[in-house]
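Below, chain A partners chain B and then partners chain C, in two separate complexes.
After this line comes the complex of A and B, so read on.
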């Protein structure tokens, strides 16, 4: 706290004694230049290490560069070759598949479960909440290691399947057909508890009188959910959509640990492509172009959905 | 609500609990399977064998990895809190030109994907001699978490009653005193929650740690585990033990601070 306690005085505080009391807070007409001093560390750090790199990566994307030696200006060529690259096309399709498993499925599961149990006060909810939130705080690499085992040939999934008489014997993550849904469903596992708890918290805020009114009108559980719960949950729903979609688009660690994009390019995603191109294949320019495109999409999703929320509020 | 209805609801929750817990149970059972014995799906080993932990601890250098992660988190958490609190104060309570621009600049940082900035960070930090050092990892982590921290603390400061602030100003308090004696004590809860969230994020952060540090002895626990997975891909039991070593500290912390973690994450997401 050294910068805050260095004894500098606020502009507003230097009013001579006897003068009328200054107007408090923001209503003060005079700008308080000490604000810049307070903001300096954050501005330097965020500006230098978060925002400036965004402009740097845009610059990188206009060059052909291996990461060492001289870089050649190529203009938009990296973007053009990116758009022609079948691996990138695959990664976009895979990212869309992840939007289904990271976002759509957890939200649907969360809504259904919250819709069923959210109308009632159940005991032991804190216990379930603690457990259902666990995947959110578990280190993603460890999650990946656990699911590598779950999906392996002798793993838990195959054991469970054999309990119901299916002898799959598949190494799921090595299978061209199954690897993508298998990795995607890990996202569902990570996200559904978060969505459900978010929705339950949202439903607790909905006015009980609305439910009573619906019941008086003779609404069944489903209609009650559609007419009372769902509209009341709109803020939480928007949050869940933004958080899970951004999570899906930025998947990296999970793919890195479980499949490294394989088999073939079956589970390659844009985030992993950026890493592999820049730090494994020595195509810094191409990787930067993908990174810029990814950032643009994430910004559009975040801003677009945030605006949608604000308009309706 | 009828008795049977209540049981149906508990049944749903119990099934979901199983779905969440099965991977944890599986990996714990594999980690304790004696070396040489083929681990298999749902069977728990009859006796506990700690040799996998010992082997992973040695082979992966987890003594270094866990220590590095602890050092990074212990620096990143207080520095992030400090920088965030300082920047949030004028955004919440002062008037100055450029306030909106600065606020939206920091806000934009929340959604910048790590994948986008890791490339320039690697090359620029390396030309400054800051790759392969814990400092070079702490700095971008602080910067990234500060984006959320400023946002979070601004909301907390804005929510404190203006009368407190005004009373302190009338008593002759300068701006630093208003911050440290009025706003910060009143916002103790928000500051603690921020610290808890940043601790978990810092411990679990993977991509920057993987790229910015190559020296195995300087890696953090998650990135060390990531590399370990590549090297010991066939040693299921060793990997399981290693994964538990990496995530156990953060899970224990979660179980202790769970109320605050859950409330913080829900609120953080809602406000973000």
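After this line comes the complex of A and C, so read on.
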């Protein structure tokens, strides 16, 4: 107990409030030790539950291993065969298509809806906000199954289309052209509520005086949105872009529930391939290699985007 | 704001991360785990006796749901009452969870004594390869399992010791029942169309579909969203055009086997004919299995091609109108063949302390004594096929299935499933067949893609 109390006093002493003087290094090693002790629980948790599994997966990716019994060291062979796999190439293109429907569309729709809801102070706003956010809190499995029915040959979508005279008669998820956009649009539906809530929260922070000023200058709704709301939302936009793009690249559950990658390989995504290789084909090494590559790409994209959007500030 | 006072702790933080990372990397460097279990100390002596002077605890892992799971529970209870010193712990998981975890559980320090291990390269193969399953051949001989079921049924659970091929080698599991794909039909619709069912030949079948189509009735409901169902259709078509032996050679992975067989081409040709004639619904690839089944039960089509896993649903849904037949053969006197197999067999862990008792239990649950319980639970009987055939009431759909199943077993006509041929075949053949029935791929492409997977798996 005394040691801890001493330590705390030492730390305080060495950094007097309001003094930006450099921290004297190595003068007393004890306070640092105490600091590490305080950090230990967090470091152990993160290390044990996040870093250790990550490095384990990196380790797995260098072996040929079925998940049972002995593993064989193969070096980078799993990565090499991954690059040769045409299905993986297809899955990357599909993931890029999902960036449009998971990220671009939800952000645009989220901005428009937030702009409308934020401008007109209706009494029913909490209701609309809740309803529009609901897809985000519904489990993906329920969402997937519901949309699977709606997209079926005799489903809701085709009924609605026939009301306006379009007789598609397609089972959307089984169509080689339409399956990918169809699954992607479910992503749009799920993600835009999240974007909208984010933007609404951001707009609430914008100084009302700016809107008043814009109105005095004769700006209409659109102009007002472009000159006041949009620049004010930059931090929220950054968060929305990063989160939704990570979501797009990591898609798994939605594809798994709706199409399982089909028809053919029309909707296969890297996350689904990882699952399929590890748990169905018994290729834990190959699956780990894809997972590592996917993680690296997501990591780089996220960092790059965050940088890009921040620098413009 | 970027003074050195702020920077230094950050550097130190980086150091901590680096150190932790390095430690983790070191740990990871020796991953993944596992050396082959040493079987040098193993004794090969077996006994069919169950000792009654010691407490014996057995863990049984399985994924059987509903009636099938209940019949296992019931048989465990019965066995426990016959041997009061034996206690079972049942570990149930859904098929999906089970498949994901069984390898790790079997290689853990505390593995189940008895575990379900599906035939082929996906489940049983890795377990055999890792030396985790005990070969049951000595037990099979001692208990006479090979006389209990047709030889071909045991072969499905045989694996070469190095796991390079199956259908041959040591016996690693024992199955409780069977499954089989055939044609369900709606008798009411058939009556309306003036068709007399069951049909004699494949040509009659195609003719019947044309009759239905002309009358504006959908010939077949097909839910191929998951991809497996088109695989079943191709597989039963292939077995019309060749002996089951030829098909099994390819599925078991025997040297020189090739998917490019005349039978494959003829089957694909016939299948394509059905697609082009509109006998197969155009939305099949976007329709879920259960959706197609419920369409059929609602009177949406004349036929529905599926297995006995849908027997209860069809019987209940169509009632008196429900019917089942094998896909008619090319010539009326061809031997009965069908896509089908035993259910996932139960194997015994190599390190089980009580493997004699475990084997005795396997003997019990596959015995004549257990057949009735299994039958009630929904297992298509394999152990007492001929005795059951006599009692069959061929007028209801259960009776029709049991009769057809017994006929196929008697002729050793089970042709297994095409996706059993390699660990990745399901992920190869199902997508390419979706392309095929969506007319995005021709027969050549199907054959090339499938055979390439088969060859890649064999180095």
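Here, the second predicted complex is superposed on the first by the 253 of 313 C-alpha atoms of A that agree within 3 Å, B and C clash if a C-alpha of one lies under 4 Å from a C-alpha of the other, contacts with A are read in each partner's own complex, and residues count from 1 in each chain.
Please note the rule applied: a residue touches a chain if its C-beta (ideal position, glycine included) is under 8 Å from a C-beta of that chain, and two chains touch if they have at least 3 such contacts.
On a predicted model such as this, the values are computed, not experimentally measured, just so you know.
Engineer: Determine, under the contact definition given at the top, whether A:141 touches first (chain B), second (chain C), both, or neither.
Structural biologist: first
Engineer: Quick check on the superposed pair: does A:281 touch chain B, chain C, both, or neither? Answer first, second, both or neither.
Structural biologist: Touch status of A:281: second partner only.
Engineer: Pick one for A:66: touches chain B only (first), chain C only (second), both, or neither.
Structural biologist: After superposition on chain A, A:66 lies in contact with chain C alone.
Engineer: Scan A:129 for contacts with chain B and chain C and give back first, second, both or neither.
Structural biologist: Touch partner of A:129: chain B, not chain C.
Engineer: May I ask you to decide whether A:291 touches chain B, chain C, both, or neither, giving the answer as first, second, both or neither?
Structural biologist: first
Engineer: Check the residue A:171 against both partner chains and state whether it touches chain B (first), chain C (second), both, or neither.
Structural biologist: second
Engineer: Under the stated touch criterion, which partner chain does A:179 make contact with: chain B (first), chain C (second), both, or neither?
Structural biologist: In the superposition, A:179 contacts chain C only.
Engineer: Does chain C touch more residues of chain A than chain B does, or is it the other way round?
Structural biologist: Larger number of chain A residues touched: B.
Engineer: Under the stated touch criterion, which partner chain does A:262 make contact with: chain B (first), chain C (second), both, or neither?
Structural biologist: After superposing on A, A:262 lies in contact with chain C but is clear of chain B.
Engineer: I'd like to know which partner A:120 touches here: chain B for first, chain C for second, both or neither.
Structural biologist: The first partner, chain B, only.
Engineer: Do chain B and chain C touch any of the same residues on chain A, and if so, which?
Structural biologist: 21-22, 25, 32, 36, 39, 43, 47, 51-52, 54, 56, 60, 67, 148-149, 152, 279, 284
Engineer: Would you pull the chain A residues touching chain B in the complex into a rising list?
Structural biologist: Within the complex, chain A contacts chain B at residues 1, 3-10, 12-13, 21-22, 24-26, 28-36, 38-39, 41-43, 45-54, 56-57, 60, 67, 113, 116-117, 120, 122, 124, 128-150, 152, 154-160, 163, 189, 192-194, 196-198, 201, 235-236, 239, 243, 246, 249-250, 252-253, 256-257, 270-271, 274-275, 278-279, 284, 287-288, 291-292, 294-295, 298-299, 302.
Engineer: Residue numbers of chain A touching chain C in their complex, please.
Structural biologist: For chain A paired with chain C, touching residues are 20-23, 25, 32, 36, 39, 43, 47, 51-52, 54-56, 58-60, 63, 65-71, 148-149, 151-153, 169-176, 179, 259-265, 276, 279-284.
Engineer: Which residues of chain B touch chain A once you look at their complex with the stated criterion?
Structural biologist: Interface residues on the chain B side: 1, 6, 9-10, 12-13, 16-17, 19-24, 26-27, 30, 38-42, 82-87, 89-91, 93-97, 99, 102, 105-106, 108-109, 111-124, 139-140, 142-144, 146-147, 150, 162, 165-166, 169-170, 172-176, 178-180, 200, 203-204, 206-207, 210-211, 221-223, 225-226, 229, 236, 239-240, 242-244, 246-247, 250-251, 254-255, 258, 261-262, 265-266, 269-270, 272.
Engineer: Tell me, which parts of chain C touch chain A in their complex?
Structural biologist: Touching chain A: residues 3-5, 8-9, 12, 16, 20-21, 23-25, 27-36, 99-100, 103-104, 106-107, 121-122, 125-127, 129-132, 224-227, 281-288, 291, 423-424, 426-427, 430-432, 434-435, 438, 440-441 of chain C.
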